[in-house]
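Sending over a structure as structure tokens; questions will come in a sec.
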Amino acid sequence: MKEKHRFSFTMFILTMIFFYLPIAVLIIFSFNEGKTMAWSGFSLKWYQKLFFESEELWKAVFNSVIIAIFSSLVSTAIGTLGAIGMYWYRFRSKKYIQVASYLPLIMPEIIMGVSLLIFFVMFKIPLSLLTIFIAHTTVSIPYVLFIVMARLEEFDYSIIEAAYDLGAKEIDTLFKVILPISMPGIISGFLMAVTLSLDDFVITFFVSGPGSSTLPLYINSMIRFGVSPIINAVSVVLIASTILLAVSTRRFYKYMFS
Amino acid sequence: MKKNYGPVYSLPLGLWITIFFIVPTCIIFIYSFLTKATYGGVQWQFSLEGYKALANTSFINVVWITVYISVISTFLTVLFAIPTAYYIARNKHKNQLLLLVIIPFWTNFLIRVYAWIAILGNNGFVNNILVKLGVIDTYIQFLYNQYAVILVIIYTYLPYAILPLYSSIEKFDFSLLEAARDLGATKAQAFFKVLLPNIKGGLATSILFTFIPALGSYVIPMLVGGKDSMMLGNIISRELTTTRNWPLASSISVVLTVITMIGVLLFLKLNKNNLESIKKLVVREKAGEESI
Amino acid sequence: MKGSEIRVENVTKRFGDFVAVENASFEIQRGEFFSLLGPSGCGKTTLLRIIAGFEDPSEGIIYLDGQNLIKILPNERPVNIIFQNYALFPHLSVFENVAFSLRLLKISESEIKRQVEKYLSLVKLDMHTKKYPSQLSGGQKQRVAIARALIGEPKVLLLDEPLSALDAKLRQHMLIELDSIHDEVGITFIYVTHDQQEALSVSDRVAIMNDGEVLQIGTPHQIYESPADSFVASFLGETNFLRGRVNQVNEEYAKIEIKELGELFVYLDKPLKINDVVKLTIRPEKIRITKQMPENLPDKFNVLHGRVDEVIYSGFQSKYFVKSGKFSFKVYKQHVNYLLDETPIKWNEDVFIWWNVDDGFIVEVEEE
């Protein structure tokens, strides 16, 4: 069995090198003096350019954040209510809604992008931040739905019955029992929706209009111009902030729910 | 007396998914049977042109390349994922190691692709070093071919493949391997006859999680692929935005959807699990942070 | 007496093809401690859930003090339930769990505090008001559930296997407390359980259910001493069954001929005819076991000769399996004073087993 471990250890190390080498190269060259991928000395000038001379980029960041917040709020609300309805009740259209909400998870992104684009054009909805918001909300809903459902699975329906039994009306039960107990699921669903929205490129690419650039769209346009040290700097800032966000979320989680 | 609030709670969900997912998907299907208009859009006239145009060798070649690239990258991804997941599952510090797998996940998708352009591009890191060392005079074109596409697909989806394998290997009772060896099995026999059958579910899932998104690849071949690596996603985009043949873009989308669904159904058949299991795994996957 | 009377009238509940409750009809008196007893899946919990309002009956009506309950939503029924898993709200403290129903009624804070404290002291839990359910032991959770259900002053308290999640010792203890809480608040209790000991020890009356049907209703004494059929007899404690043919009937007793055993007398509580095939039962603790043939017995005793097949000693009593003819009898002997008893009966010894004719009775009659 020992040798087996040695083999898997080697593979693990190779995988880690594979994972982190590109990221390490990006980080190192974001501090490069020169414009190319040839090292010519340490410099912070690309960060300076990124933070003080990239107005367009920050506009895209702003758009991304706005869309992420609104689409996450809406998808969290719809997904949470849907999870409550689908998990605890039976009704006629349930099977349909169930299948319809699974499908976006396995549908190739490009198809969702293309179909939404055609849909918006057909109904003469101008491509804008609004259409991106709709697209992101649609993508996030199934995730929120299933994350909240996973949370509800930890509870027995009897606690809802207990609330009714003690005199609570449906609205009391929703606000005083169901939502509070699902809160960890709701929050992770929301964070997931934020992540999906900030990260999405393919669907956004199809449904965005003039003036509605998001950060991934902006990064894409930069990449197409070739290697640029500013992208390296953007990458480092993005990686650092996602890790920071992830770690603080975990802290927050541990603090709140255990 | 019981009241059923299920429909009330599920109404917004049902409406939203119907309007913004089911209807657009149906529209694509309908569009694929219409006549193209001159500057994009369609004329409402039945036509099979969208499908007839698919019956030529160049399209069939694209389908072949799409499936070929997806199969090869899936195979290689899983080949790397199994030992890596195995090592993590048997390690004392598995939570920390798992975090190492998940961090690349948290990195923006485009950035992950871009990193390889920065490394292997014509002016990239590797070429610069090789020139500096005097190994070569002028750059070598590493990118813009099938190999680059396969490499970046593996890079992108390897974490997706490791996680389900990890969770099924972690549940595996390792004393069974010892029992098998005790009963005279060789290491290879123990692996193929004892470990593999017991982690079938995780294996099938990691294949699915690599194969399905690989089929739908668009960005990766667009950024690091060349003429030999045009995939279905790329010609859908071309027909939609450049050539502006919407019925054709729609019919190709239908083909891609059908191929994807065949993949999913195959998975369901192999895995004998229902949709439920995919749903749970997809969510757990994406919510990587919760799996630790 | 406080509390309400409940009348269950022809209640049937079907889930698809499965009949969970079949045509149940009975009345529960004001302030009564009434138990629904039966094996799991017998429909007792479904019946309780129908009374609580969580299930609608397929047919039939339930009346509470003459008022039809069926059309009333669960949150408006003057009936509260204690769930098997307690169903405490995990996000609320003990105090807030108990205060839940009062908070819905916009009652002043001071009154809520007074009431919650009153009910928490009733269940002897005044110490832990700030804790959360996850920090409580099973018994404490149970008490919170009771206080939470009682604080709304329901007319009927429903208890769904409330002790099944507790360990054996705690169960005994909580049972006694439930009984004294019942005495204190005086409302009607409907208690669902599969444990015959629980049901027998606290109930005023017990309804025995099996396969959705109510088989017998009566005081614990009635259902134990004269079970309506062989299911009731075997479900309530241990018993011995014998099948035989009636060959003689007089005013009080019947003589039953049992193949390969002999003739036994049995108390005549049902009309019997000669040649009826009957099933008779005798509880193991009613049978006495001795090494010597009992002397000077009055006529009203059955005596059999047998051999000890197995002895299981369990402290306060021993269980003997005695082979007589081709029958194996279970016989329980209490060790009232073990050392002063005759020399212990051992395996493979010849013994006599005997019982008063009045203690055996007929549970089933198959007419010829």
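When the chains are written out, they are named A, B and C in that same order, and each has its own residue count from 1.
What we mean here is this: a contact is a pair of C-beta atoms (placed from the backbone, for glycine too) under 8 Å apart; a residue touches a chain by one contact, two chains touch by 3 or more.
Not measured: the values here are computed from a predicted model.
Q: How would one label the connectivity among the chains shown: line, ring, star, complete, or other?
A: Drawn as a graph, the chains make a fully connected set, so complete.
Q: Determine, using the mean of C-alpha atoms as each chain's centre, which chain is farthest from subunit B.
A: Of all the other chains, the one whose centre lies farthest from subunit B is C.
Q: Quick check: which two chains are joined by the most contacting C-beta pairs?
A: The chain pair sharing the largest number of C-beta contacts is A-B.
Q: I'd like to verify one number: the distance from the centre of subunit A to the centre of subunit C, where each centre is the average of its C-alpha atoms, in whole angstrom.
A: Taking the mean C-alpha position of each chain, the two centres sit 56 Å apart.
Q: Can you work out the whole-Å distance between the CA centroids of subunit A and subunit B?
A: Between these chains, centre-to-centre, one finds 17 Å.
Q: Rounded to a whole Å, what is the gap between the Cα centroids of subunit B and subunit C?
A: Roughly 60 Å separates the two chain centres.
Q: Would you pick out the residues of subunit A that each touch at least 2 other chains?
A: Residues of subunit A touching two or more partner chains: there are none.
Q: When you check subunit C against every other chain, which residues touch at least two of them?
A: Touching at least two other chains: 53-54, 73-74.
Q: Counting only residues that touch at least 2 other chains, which ones in subunit B make the list?
A: Where subunit B meets two or more other chains at a single residue, that happens at 3.
Q: What does subunit B use to touch subunit A in their complex?
A: Counting only subunit B, the residues touching subunit A are 3-14, 16-18, 20-25, 27-28, 31, 40-41, 80, 83-84, 86-88, 90, 97, 100-101, 103-104, 106-119, 121, 123-125, 127-128, 132, 155, 158-159, 162, 177-178, 181, 187, 191, 212-213, 215-216, 218-219, 223, 233, 236-237, 240, 246, 249-250, 253, 256-257, 260-261, 264, 275, 278-280, 282-283, 286-287, 289-290.
Q: Please output the residues of subunit A touching subunit C within their complex, sorted ascending.
A: 155-156, 158-159, 161-169, 172, 176-177, 180-181, 183
Q: How about subunit A: which of its residues touch subunit B in the complex?
A: Subunit A residues touching subunit B: 1, 3-5, 7-12, 14-16, 18-23, 25-26, 29, 36-38, 77-79, 81-82, 84-86, 88-94, 96-97, 99-112, 114-119, 121-122, 134-135, 137-138, 141, 143, 145-147, 150, 170, 188, 192, 195-196, 198-199, 201-202, 206, 216, 219-220, 223-224, 226-227, 231-232, 234-235, 238-239, 242-243, 246, 249-250.
Q: Taking the touch rule as given, give the residues of subunit C at its contact with subunit A in the complex, in rising order.
A: For subunit C paired with subunit A, touching residues are 52-54, 73-77, 79-81, 83-85, 87-91, 100-101, 103-105, 148-149, 152.
Q: If we count contacts the way the header does, which residues on subunit C are in touch with subunit B in the complex?
A: 53-56, 70-74
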